[in-house]
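When the chains are written out, they are named A, B, C, D, E, F and G in that same order, and each has its own residue count from 1.
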Amino acid sequence: MTARSTFETELEQLNLDLIKMGGMIEEAIAKSIGALETSDTNIANEIISADRTVDDMEKQIEARCLRLLMRQQPVARDLRAISTALKMITDMERIGDHAADIAELTIRLDSNKPLSMAQHIPEMADIATQMVRACVKSFIDNNLEQAKETIARDDEVDDLFNVVRDELIKTLSGESDAEKANQAIDLMMIAKYLERIGDHAVNICEWVVFYDTGLHKQTQIM
Amino acid sequence: GTSNTSASDKPSDTVSSGGTTPATELSGKVSTNGSTSMEKVVGALAEAFMQQNGGVDVTYDPTGSGAGITAAAEGTTDIGLSSRALKDTETGLTGTVVALDGIAIIVNKANPVKDLSVEQIAKLATGEITNWKDVGGSDGPVVMIGREAGSGTRDGFESITDIKDKAKYAQELTATGAIIAAVEANANAIGYASLSAVKETVKAITVEGVEATEATVQDGTYKVQRPFLMITKQGETLRPEVQAFIDFALSKDNAEIIVNAGAVPAVK
Amino acid sequence: MENMITTKDLDLFYGAFQALKKINLEIPEHEITALIGPSGCGKSTFLKTLNRMNDLVAGVKITGEVLYRGQDIFAPEVDVTWLRKRIGMVFQKPNPFPMTIYDNIAYGPRLHGTHSKAELNDLVEKSLRGAALWDEVKDRLKKSALGLSGGQQQRMCIARALSVQPDVILMDEPTSALDPISTMKIEDLMSDLKEQYTVVIVTHNMQQAARISDKTAFFLLGEMIEFSDTERMFSMPRDKRTEDYITGRFG
Amino acid sequence: MKLKKITEKIMNTVFFFCGMVAIASVMLISVYMVLSGLPAIKEIGLTNFLFGKVWQSTATEPKFGILPFILTSAYGTAGAILIGVPVGLLTAVFLSKVAPPKLANTVRPAVELLAGIPSVVYGLVGMIILVPAIAKAFKLANGSSLFAAILVLAIMILPSIISVSETALNAVPPEYEEASLALGATKIETIFKVSIPAARSGIAAGIVLGIGRAVGEAMAVIMVAGNVANMPKLFGSVTFLTTAVSKEMAYASGLQKQALFSIALILFIFIMIINVTLNLILKKGGGGEK
Amino acid sequence: MMVNHNHGKSQTANAFRLSKKRKSYDTVIKGLLYLAAFITFALLVGLIGYIFYRGLGNITWPLLSTSPSALKGTIGILPNILNTLYIILISLVIVLPLGIGAAIYLTEYATNKKLVWLIEFTTETLTGIPSIIFGLVGMLFFVQFCNLQTSLIAGALTLVIMILPTIVRTTQESLKTVPVSYREGALGLGATKWYMIRTIILPSTIDGIVTGCILAIGRIVGESAALLFTAGIGSVVAKNIFAAMTRSGGTLSVALYVYVFERGEFNVGFAIAAILMILVLIINFGAKAVNKKLKNKF
Amino acid sequence: MTARSTFETELEQLNLDLIKMGGMIEEAIAKSIGALETSDTNIANEIISADRTVDDMEKQIEARCLRLLMRQQPVARDLRAISTALKMITDMERIGDHAADIAELTIRLDSNKPLSMAQHIPEMADIATQMVRACVKSFIDNNLEQAKETIARDDEVDDLFNVVRDELIKTLSGESDAEKANQAIDLMMIAKYLERIGDHAVNICEWVVFYDTGLHKQTQIM
Amino acid sequence: MENMITTKDLDLFYGAFQALKKINLEIPEHEITALIGPSGCGKSTFLKTLNRMNDLVAGVKITGEVLYRGQDIFAPEVDVTWLRKRIGMVFQKPNPFPMTIYDNIAYGPRLHGTHSKAELNDLVEKSLRGAALWDEVKDRLKKSALGLSGGQQQRMCIARALSVQPDVILMDEPTSALDPISTMKIEDLMSDLKEQYTVVIVTHNMQQAARISDKTAFFLLGEMIEFSDTERMFSMPRDKRTEDYITGRFG
């Protein structure tokens, strides 16, 4: 008989929830990029409504974490697991939001090939998706190395953001109509969202690092 | 004639001198030790002696005749007290008869039997007669109550009735008072006890028609009797106060004390 | 869920001293109900009222009702031995009888008329399994129960309570004499127990109440201040006094 | 600091000395018992002494067989225990568990009083009341008997059994009883199935004490048992080991006296054996619990 | 202690009732319990009643205040009363330090487990030895070997050996009930052992010691067999306690035996018995009062 | 003597830290708006370097919260206080970041009156600043009403964001040079940041609501 | 910070059983050091070694060194009464002597030679204040200490330990017999104490160790597995066994 098996079951459940939420945002972001590239408003709408579920998931996990803190007085690894979860879900939820944001803009863009204005957005999206996938995986596998690598990749996204920005400015300079300006601004926003998604993936990875090391952004906070 | 009275002449001298000597000259302690039956006699003598001789302290330990004789032999007491004659094995000691004690044969007051012969008594004691009606009493089993082995009273009783080792008792009690009490409590009981202790509570029967009294004991007509002895070491000079006490006991003047204590003075 | 035990305006006096004041409480079936509160607030008194163990105390006066499955336990037709068979009890200090483990567990069934060897064997095994102790003691059933460790003794006492197949198990600070490891084992056992039984536990340890119970009642000076879902109690207590107590601001 | 240490040393020595006195006493008793008891046994022969059925210490052909005494002591003690233990134990249970406090508080001092009554007083009353009563009740010529002794002893050991058993019963952790009651046992069932078994070592101790007292009692017995060296009969006059010694000691001399010491030695050994065996049983009983 | 809190008596038998078998078992046993208690109580009341009935009337002032006189044929128990007091005093003076000392040694000092076992075993043994044996050994050792004669001092010394275990045991019991925590508390503050014993242990043992004393007094008062052979039956008032010590002296119990058994003086016997009963009563109540007082102190 | 006074002191300290951090971000955002309006690059630089302090503060509070969870096993109000702190600081830190972001863009804009392109930015900034101030105040005063009011004001910022977006699109449609496009994109970003600041203020207020009610975004999570 | 007590390769045997194995520990001045570990791991044994209370147990053999302020406490010139005056002790169960509160506190000073009434009064007040008890008892100093509540008794015992002005106070599960409210009061008191004293506490309650101590040592089967800052211990223990124990995964 192992003591505290109830607690362990609960922790297990928390982990499963996180993995599930990770899967959800991973899917959301991948789908939203797909929709953007194919201008598929149906999928975009799906994503928007799926975001509700992610939000609910966040609250559910939040509640579970608080319940565990309240009932189980965790320390050490257990406490890190719960606080990691509590912090991580904010970023996950934001990634979900951004996926929805992108989906919304996809619906608004509603034209053929708006992406021609900013050819690097797909690449950016690709990397951001990869980062989200990697951060979720690093969490699931409790893979410190992968988390660190993912953190390092953020620069790529940031660089690409500037590239996209330049591309869009180039498009805008000289003559352009309101439609074009509108599209450019939306694309700019999408780029910003992708950049933020990268940031959030980094944040998640930083919590993965914390779970293992007690270090958060290089500072020992536990 | 069981007493060893080899020193009976001398004491009478010292008695008179002891009796007249001013009490103040004597001091010290006289310890006596032995027979419990002699308690009353010795107690009375000691009390009277100490009244005359304020400086002397007479102590008495009722340990029993055997113990008294041993104590005298070992010198742990000044005077051993024995309610039986010295045995042949008990040598080196001098026994002075200070009094005689009648052994009263007692039955319950309700018992109609008044007189028994020595032979009848012997048969009752040995269990040959088991019912009172065989000796003229009412129908009822005989309950023979006696003293413990070693008791001077028992020794006296058994030797006179000549049933040594043959007596069958229903109870063996260790003291005179106990016998009287037992007889008092049991309608069919018969027992024996020092005459000095017998009171109204039980009935002392006559033996072959002779009642146990001072006179009959003294003159020997009452057969069931025994001597009271003071034992000292043979050939040893006694301390003056010890000698004085023995003399006091033997003195004719003090015979009254012994009589009052229920015994019979040895000297007439 | 049905209510297993309901108390209505329960007052209890020890002589002139009122130890319980108008307690109204509904203990639901198949749940763990924890009673907390500062020392002397009447937790144990309340618990012992539920199976009439307070009857043993001289000068106790009880008014109000206690219903067990709707039956007034103070009704004249209720025999207290029957009641106590239905509502078992586990105490603060493990109290195995000075007998073998087997005899300890078989004590209750024998008392209530089970004497068949096979049935007893069965019951002993079932009870010990129910208390998660079987594997640890199955080879030493005929050894003295006093040779068990404190935690094992307490689980044996739980098994003993289970042996008469009760409905409800009352526990008065069942882990306060145990070390943390044994405590955790018992806590864990309790969540298994509630599947078959209704459990009422008194505890000094608020964390314990928080960990294991479904409902919590907070007592203070003989009154029941608050009775809520445990989660509610430890997150958003309704009463200021409850909050002060559970957050350690009390006294 | 030095002074402290010296005081410590001195006190240690003083207390050690006190402890030694206890050992010395037992040694003294044992040595004297053995030294004074052995010669007669040697002379009489152990078998003759122990198994001889006739005791005639002052006969011209003295016989020193103490089997009657041994058996009488054994029967007498057993009888007293047989009567005293149930009554005592039940009274103890009553006092400890059943009686209302007021009643218990009346009976308890009474029991203590019983314990305090000197044995001669028991003898006196036994002799005056019990012995004639027995004679009357059983239509005996003579009431002084083993039976009378048994009754007196039973009464005399009652207080020790009651008070020791009650103490033991009171010492039973209330948790045991609570546990039993909580399982649905009645008060009486709890007492007999849990409390008494749990207190068994204490109760056994009470019985030991009782046996010790019964075996060793002399003065009360001598007044009621009749004191004839018969083989034991319930309604016959008998002699116990103790009364055999005290009865004749005063007048004994020579081999008779030595034989009495031998009886005392046997009594002593008897007591030792009882003490040791029962201690062992006690320890065993206690061992199971700890 | 255990009064049932009844909400009424039942008329109907139904599922909630106790089975018939168990009910009757209960009733029968309860009956036996009351019977046993009644027997005990009746015995005592009868015994005491009878003794007082026969004894109280015979207690007269002359009886209490004089020595017996063979000449006058009067009986007085003053010497026996004094002897009883003396022998209590002497015995306690000797046995208390010894017994308490031994108990302290056993519980506080002794480290040698075998020695402790030996001492405990021997005291245990001593408690079991019948007083007649103490009497014999007292006679052989103190009276004869030490040549103290049959005297109060020989009797007192015999009693010392006899009650030593009682004192050791009660003191030891009471020492054992002094919580280890007190010792730890004192030692933890840097107390030496003796200081701890003096300031903490002994004060909290007082009640045990007093109880032991009272038990011992009870035993001395009631003892007859051991004293008969050692202290004798003397009944003379000595000048002082020292003079008394060197001569034979019978205590009240011995006197009772002697008057009844030797002399058949039953009235005196019952008078003494009544006096002894009163003494025992006083001792018992004294013990209780002392205990209560000591308990109340803290 | 009150029990647990150590714990209370620690909780007090946590509260002070939060108030301090609140003050810091309030100041940062106010200053950054000021710098933007006056194109003051000095102040902008100050803000950027001050952001470090906010980041440090976040970690410090994070560490304190974890320590309290680990050591004090808080429940009820105490647990809510600590989890509120733990969650709130993320938003506070983000507000600080955005203030720094705005300051950075202020430096880049580096021209006169870029704001003429989007005249509603000052108003937006004003409301965002007010919201931040209000959220910090609602937290300090534990003022549930104020928190709820602040949450309601987010719509104002969101609406203004769309106004600003339209203004910029108007500027961009027709002819525009790279410089202008650049500025417009930067202003767009500033608007986005202000919009996000409003969101974070809302988040903070939502935690304030949680502290009092156990409700987070209308869901009972504790 | 200086080390108050240092142990070097401390081994302790109860007869043949080794209860402590090569313990090397440095207890810093003015800090609270907690000893935790499962039942029977040697915590109490270790604690009692520090002021040689183990000397009282027969058959104890100790090797290795214990230095108090650099002085080997087993050196022949060290008087154990002096040592125990310097290193005071508080026990699991409150153990007031059966005397008045005043006499309890004055016991130690009197023992060590203070008899002046004024000085004693002074010391008693100071000690009681130090144990945060003065206000509660100042009007009943001449009443029996046994009349205090459990928590007050324990604080009185702390005051008694303070009365001889020790350097170090050892506490063996000082709150395990107390209710949560009293426990919290004592915990709170301890953080005051460390300003003047060095405190070593054995506790079964890991949360307690976490709450109050600066350093924590984890014992297992007579070995010291880990010794760290408490924060470190409860956040990132170095050893897997420590982590298992503190997170309740043990056994």
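In the analysis below, a contact is a pair of C-beta atoms (placed from the backbone, for glycine too) under 8 Å apart; a residue touches a chain by one contact, two chains touch by 3 or more.
It should be emphasised that the depicted structure is a prediction, and the values quoted were computed from it without experimental measurement.
Listed by label, the chains that touch subunit D and also subunit G are C, E.
When every chain is reduced to the mean of its CA atoms, the largest separation from subunit A belongs to B. Centre-to-centre separation between subunit B and subunit C, using Cα means, comes to 82 Å.
Subunit D has its Cα centroid 47 Å from the Cα centroid of subunit C. Our note on geometry: subunit E versus subunit G, Cα centroid distance of 46 Å, whole angstroms. With each centre defined as the average position of its C-alpha atoms, the distance from subunit B to subunit D rounds to 37 Å. Subunit F has residues 2-4, 7, 66-67, 70, 73-76, 79, 222 in contact with two or more other chains.
Shared interface positions of subunit B, defined as residues touching 2 or more other chains, are 36, 63, 173-174, 178, 181. Shared interface positions of subunit G, i.e. residues touching 2 or more other chains, are given as 81-82, 181, 184-185, 206-207, 210, 234-235, 248, 250-251. Across the complex, subunit E meets subunit B through its residues 68-71, 73, 144, 147, 149-150, 229, 232-234, 236, 247-248, 258-266.
Interface residues of subunit G, counted against subunit C in their complex, comprise 38-39, 179-181, 184-185, 204-207, 248, 250-251.
Of all residues in subunit E, those touching subunit D in their complex are 1-3, 18, 22, 25-26, 29-30, 32-37, 39-41, 43-45, 47-48, 50-51, 97-102, 104-106, 108-110, 115, 118-119, 122-137, 140-141, 161, 164-165, 168, 192-194, 197, 218, 221-225, 228-229, 253, 256-257, 260-261, 266, 269-270, 273, 276-277, 280-281, 283-284, 288.
By the touch rule above, subunit A contacts subunit C in their complex via residues 1-7, 66-67, 70-73. Residue ranges on subunit C touching subunit F, taken from their complex, read 206-207, 210, 234-237, 243, 246-251.
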